[in-house]
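You will see subunit A twice below: alongside subunit B first, and alongside subunit C after that.
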Partner chain A sequence: MISQIFSLAFLAQTIRITVPYALASLGGVYSERGGVTNIALEGIILNGAFSATVGTYYTGNPLIGVLCGIAGGLLTALIHAVVSINIKADQIISGIAINLFAVGITKFVLEILFHSSSNSDRIPGLPHIKLGFIEQSPDIARLFGNPLVLFTILIIVASQFIIFKTRFGLRLRAVGENPEAADTVGISVTLYRYYGVLISGALAGLAGTWLAFDQHSFTDGMSAGRGYIALAAMIVGKWNPLGAAAACLLFGFAESLQIQLQGAGLPTQFIQMIPYVVTIIVLAGFIGKAVAPAADGVPYEKEK
Partner chain B sequence: MKKGFSVFLTVVLLSGAAFLFESCGKGQPSASPNSEVGLVFDVGGRGDKSFNDAAYQGLQMAKDSLGIKYQYIEPGGGSDRESALRQLANQKSIGLIFGVGFIFTDDITNVAKDFPDKKFACIDYSYDPSKPLPPNLIAIEFREEEGSFLVGAIAGLMTKTNTVGFIGGMESPLIRKFQAGYEAGVKYVNPKAKILVAYAGVTGEAFKNPAKGKELALSQYSQGADIIYHAAGVTGLGVFEAAREMKKYAIGVDLDQWNEAPGYVLTSMVKKGNVAVYDIIKQWKENKFKGGTAEVFGLKDNGVDFVYDKNNQPLIPESVYQKVEALRLQIINGQIKVPTQ
Partner chain C sequence: MPYAIELLNITKRFARTVANDDVTLKVLAGSIHALVGENGAGKTTLMETLYGLYQPDAGAIRIHEKEVTIKSPHDSIKLGIGMVHQHFMLVPPLTVLENIVLGAETTKNFFIDLKKTTAEISELAEKFSLNVPLTEKVENVGVGIQQRVEILKAIYRKADILVLDEPTAVLTPQETVQLFKILAELKEQGKTIVLITHKLNEVMAISDHVSVMRKGKIVGHLETPKTNPQEIAQLMVGRPVLLRVEKSEHKAGAPVLGVKELTYVDRRGVEALKSVSLDVASGEILGIAGVEGNGQSQLVECITGLIRPTSGSITINGVEIVGLNAREVFARGLAHVPEDRIKRGLVIDLSIKENLILSLQALPQFSSRLSMKRAEITSNAELLIQKYDVRPPDPNAITRGLSGGNQQKVIIARELSRNAEVIIASQPTRGVDIGGIEFIHRTLVTARDSGKAILLVSADLNEILSLSDRIAVMYSGRIVKIFPDNKVEESELGLYMTGSNQELIREAK
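Coming up: the complex of A and B.
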């Protein structure tokens, strides 16, 4: 039974579940490193999924769909950016408002375009890249042939570099840790916070795009709480791209384990707890204190 | 600048409120008192390709053949169900009010007590025999287990791997009825068959997570299942996606779900909300409304069934169909008792 559970199919499933978490979680890292709390991830994922579906449906081209998904995420994040950075409103309230707004607007437009309150018509999936060297295992080939999987791995590694080794990353972290100091040396706090929030919008929009292509359609409320899990993973990962991705992988693993074990004759209620128990154990036992960027969630008031 | 945000928030909330009652008062301005039918949909609303659409079909049938007028409300999530019921009950022209979904159970009981001169009916009411119903309320229940038994029998007769699957949405007594009937059906025709069971979760979200449904189904298919029955709402759409990908069979629920994955949907267990709504309206119109009871729609009343039409006839051998039809008769005349848990 053990070998059946820990198979290549299991590995592939774990990664499939992890991808949307990782993209959104990474988005959270950019936003919060710049000092803007982003619980709007949930709504951004939903709007991203919806935009990707509509874009693909009307053009028949999944690549345009991907761009639309990113654009949908960017636009939603833009609302959060304006409200949080320019208007300096409470970022939690703005996030909640956006999440509620996303549920309503997607359903509303879904009814207009597809005459259904539950799901859209079917869309084509992303074209698969042929990777000759792993074709012998269909599970793995199908997984790594998906361009979004490859992109996710690349962007995780690249983000670690961008945030900690580049001038852009240093400035982004500066406006999130100590905006007064950053401002004093001539870094525009507003501009860099916009960068953070907008990058998070693009990435969470891409997470939604993944969901839409995985399901070949949009369904009402399909983000199903993934934005919040991503946010938790970001905290567990201590606002580090690699850490957040590792936390997402852990959540993906726990969820996949839960799915595999459901066929194994254990009580389902017990198995349903696994992901949450894992979360609590990891949070309490292994991570230690997670410290947010010092100015995370605090609007910047320029001194006159 | 806080003011700017409160304006923003107000606009968002107002537009939300507008959604909640977007369809209030559709229908004609009132005629004679107590002559019209009102209906409040479950979350999902019209166009859910499932239960709400079935209820709406029932309204349409009643309009076409009984000439009644109707009004309906599609509430959003949360607690506006009760106010939607009250809003309809307060209209003089409306005499009969439906709530669609077990979630209305408590709300409709309270509202029915407050409006004793109106009639109420609730589809999927979770009826507790120890609590008497108000005399003006009918609880409509379906014998989902009977329909599930028949699709289970089809699966049991047709599996080539001797393994079939069941995927439920939120783990709850209602969904376990589907599971129990299905398992009994599979075992009745194929005692050696293995049945894999999985649930998407323990909250309402579990009905709205197609990606999870797809992973659950992929996992069952890779463990050898070649037919999976779902009772998981929108989550079940992921099961069809997995069926397409693995080129295996899935069985739909509530309505004929052939179109979700043509060629891969072996059959669907249909719950005829339309029949129930129409029947109750007809009884009410003919002054035969029997409140205070639970009206149960099973195989006998044509309230549940499975799909066998020109689409899936090529998939199901005639011999299988005949055997399942024989089982139907045995259930109807009581020779087979289908378990509910």
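Coming up: the complex of A and C.
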């Protein structure tokens, strides 16, 4: 039975579930490293999924769909940036408002374009890249031939370097830890906070895009709390790209296990608890104290 | 010699107050210029305007004899101006190197060029004897090092004008000597230095010129060798000031507060107090000198019932108080002027009259069974405000709006009004200006003369030396030395405070 559960198909399923978590979680890292709390991830994912669906449906071209998904995420994040950075409103409230707004607007436009309150028409998926060396295993080939999977792996590794080794990363972290200090050495706090929030918009929009292509359609409320899980993963991963991705992989694994075990004759109520029990155990047992960037969630006031 | 900085007729207003009123300040290139004045006199605002953090409402700035506009720190850095702020502008979780290069990074293929940067900074550090551990995180180094990081930050940006805002406020006497050596070295190499301070001995020790500000105006430009502390103090305050505390010989009575073998282990398992013993008699001030963070705070918190010692005993007139909470300790005759007045001493958004009865509110004097006695509370406030010269003299004024000195007076008025036998005064004049310090010191001495037992904790050695009848030095959770009088040199105290003279300490045991 064990070998049945932990098959290549199981691995493929785990990765499939992990990708959107990882993208959104990474987005959270960029935003919060720069000092803007981003619980709007949930709404950004939803808007990204919807924009990608609409883009693909009307052009028939999935690549344009991807661009639309990113654009949808960027625009939603832009609202959060203006409200949090320029207007200096409470970032949690802005996030909640955006999440509620996303549920409403997607449902409303869904009704207009597809005459349905629950789901869109079917869209094609992303074209696959042929990778010769793993062709013998169709599950794996389909997965790693997906350009978004490759991109996700690439961006996770690259982000670790971007945030900790480059000029951009240094400035972003400075702005999130002590904006006043950054200001006094001539770094624009506003600009770098915009960068952080907008990158999170693009990545979470891409997470939504993945969901839409994975399902070949948009369904009402399809983000289904993934933005919040991504945020939790970011904290478990201590605001580090690799850490956040590892936490996402753990959630993906637990969720995948839950799906796999549903046919195994155990009470479903117990099985459905698995991902959450894993989360609690990991949070309580294995991760030390997670320290957020010092200025995370605090608007920067220049002249006091 | 040419001028490095000329601030001409600068005026800067905030909402209702005029922080700088038609201020003109000229600083000679290659000199050390002290800018002195009381808190709120406008020194920091003037220098932050020079640094581009504020825009002046009127006036002009000339740097190296050229008229300039400075819109942001970006501009001032380009003009060769560096500023070391009073509250360090460092990012604690970043390394020393990252903090130094932040905003002026050298990159190579997208990455910060660590090799080249390390070499550059090491060379500068060598040249100006500014040793810092480059790969250590700033949160793990002491304030003395942090200050060097700030100076290196400015020099790395090729600053030839360096403004330091109250640089010695956080330093030990030894570190201050070190800093002054560095400043002298910088001057030697042709840098211009502006030093904001209110410590007059520092002005005399290191500056070439001194400008005095009061209430947003410049009230005097003096050449340091041709003036004296008395003259500067008078200009700062606007009236003659007593720089020395006048006090009679002390007549100590019987011990009132007794601390015996007090040990405290904090939550992280660190032994913050290691078998501390001392006593304070009625009619004396026992001063505790020490660099902050050597157990003074824990000692005060144990005595005042805020934390519970791991072992040992504390008595007031022979009665054990360990295990009692703060309220019960107060009832046994203790008053407490806490080190952090905003966090522990006041409820900052309440009025003066309400703050004046904090912890006394349940007394029958101020409350009946169902309601507060408003008239009594107000008349209590009016009396104390007058006696302690609190400004504004309005019982209903919100405490947040008061200056630091007046907030401190509110606390001292309240604590002394409870007529306790033991007074614990922790950093009683931190952030208080010369006029206020004089008043607070006189009040404490008067309390001593009336027979109170006073435990004074202060990081300010001048304060310890001028107020104390006996001096205890704390280092690393221990009392390493108790001097039977206050006739001791600052430098000797410093040795005990930094634990740098282990032999002396062993001898003392």
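The definition used in the following text is that the second predicted complex is superposed on the first by the 303 of 304 C-alpha atoms of A that agree within 3 Å, B and C clash if a C-alpha of one lies under 4 Å from a C-alpha of the other, contacts with A are read in each partner's own complex, and residues count from 1 in each chain.
Note that contacts are C-beta pairs under 8 Å (C-beta built on N, C-alpha and C of every residue); 3 or more make two chains touch, one makes a residue touch a chain.
Just so it is clear, the structure is predicted and the values come from calculations on it, not from any experiment.
Under the clash rule set out above, the superposition-derived model of subunit A with subunit B and subunit C shows the two partners fitting side by side. Of the two partner chains placed around the shared chain by superposition, neither subunit B nor subunit C is touched by A:278.
In the superposed model, A:246 makes contact with neither subunit B nor subunit C. Considering which of subunit B and subunit C touches more of subunit A, the answer is B.
Of the two partner chains, subunit B is the only one touched by A:269; subunit C is not.
Angle at subunit A (Cα centre) between the Cα centres of subunit B and subunit C in the superposed arrangement: 130°, in steps of 10. Of the two partner chains, subunit B is the only one touched by A:88; subunit C is not.
By the touch criterion defined above, A:150 reaches neither subunit B nor subunit C. Looking at the shared chain after the overlay, A:181 reaches subunit C, while subunit B stays out of its contact range. In the superposed pair of complexes, A:292 makes contact with neither subunit B nor subunit C. Least inter-chain distance for subunit B and subunit C in the combined superposition, rounded to the nearest angstrom, is 17, based on C-alpha atoms.
Overlap of the subunit B and subunit C interfaces on subunit A: none, as no residue is touched by both. Residues 51, 53-54, 72-74, 77, 83, 85, 89-94, 98, 101-105, 107, 110-112, 153, 157 of subunit C touch subunit A in their complex. On the side of subunit A, the complex with subunit C involves touching residues 161, 165-167, 170-171, 173-174, 177-178, 180-187, 294, 303.
Considering their complex, residues 1-2, 4-5, 8-9, 12-13, 15-16, 19, 44-50, 52, 74, 76, 171, 196-199, 201-202, 205, 208-212, 214-216, 218-220, 222-223, 234, 237-238, 241 of subunit B touch subunit A. Taken together, the subunit A residues at the contact with subunit B in this complex read 4, 9, 13, 16-17, 20, 83, 86-90, 93-94, 97, 100-101, 104, 107-108, 111, 115-119, 211, 214-217, 219-222, 224-225, 256, 259-260, 262-263, 268-269, 272.
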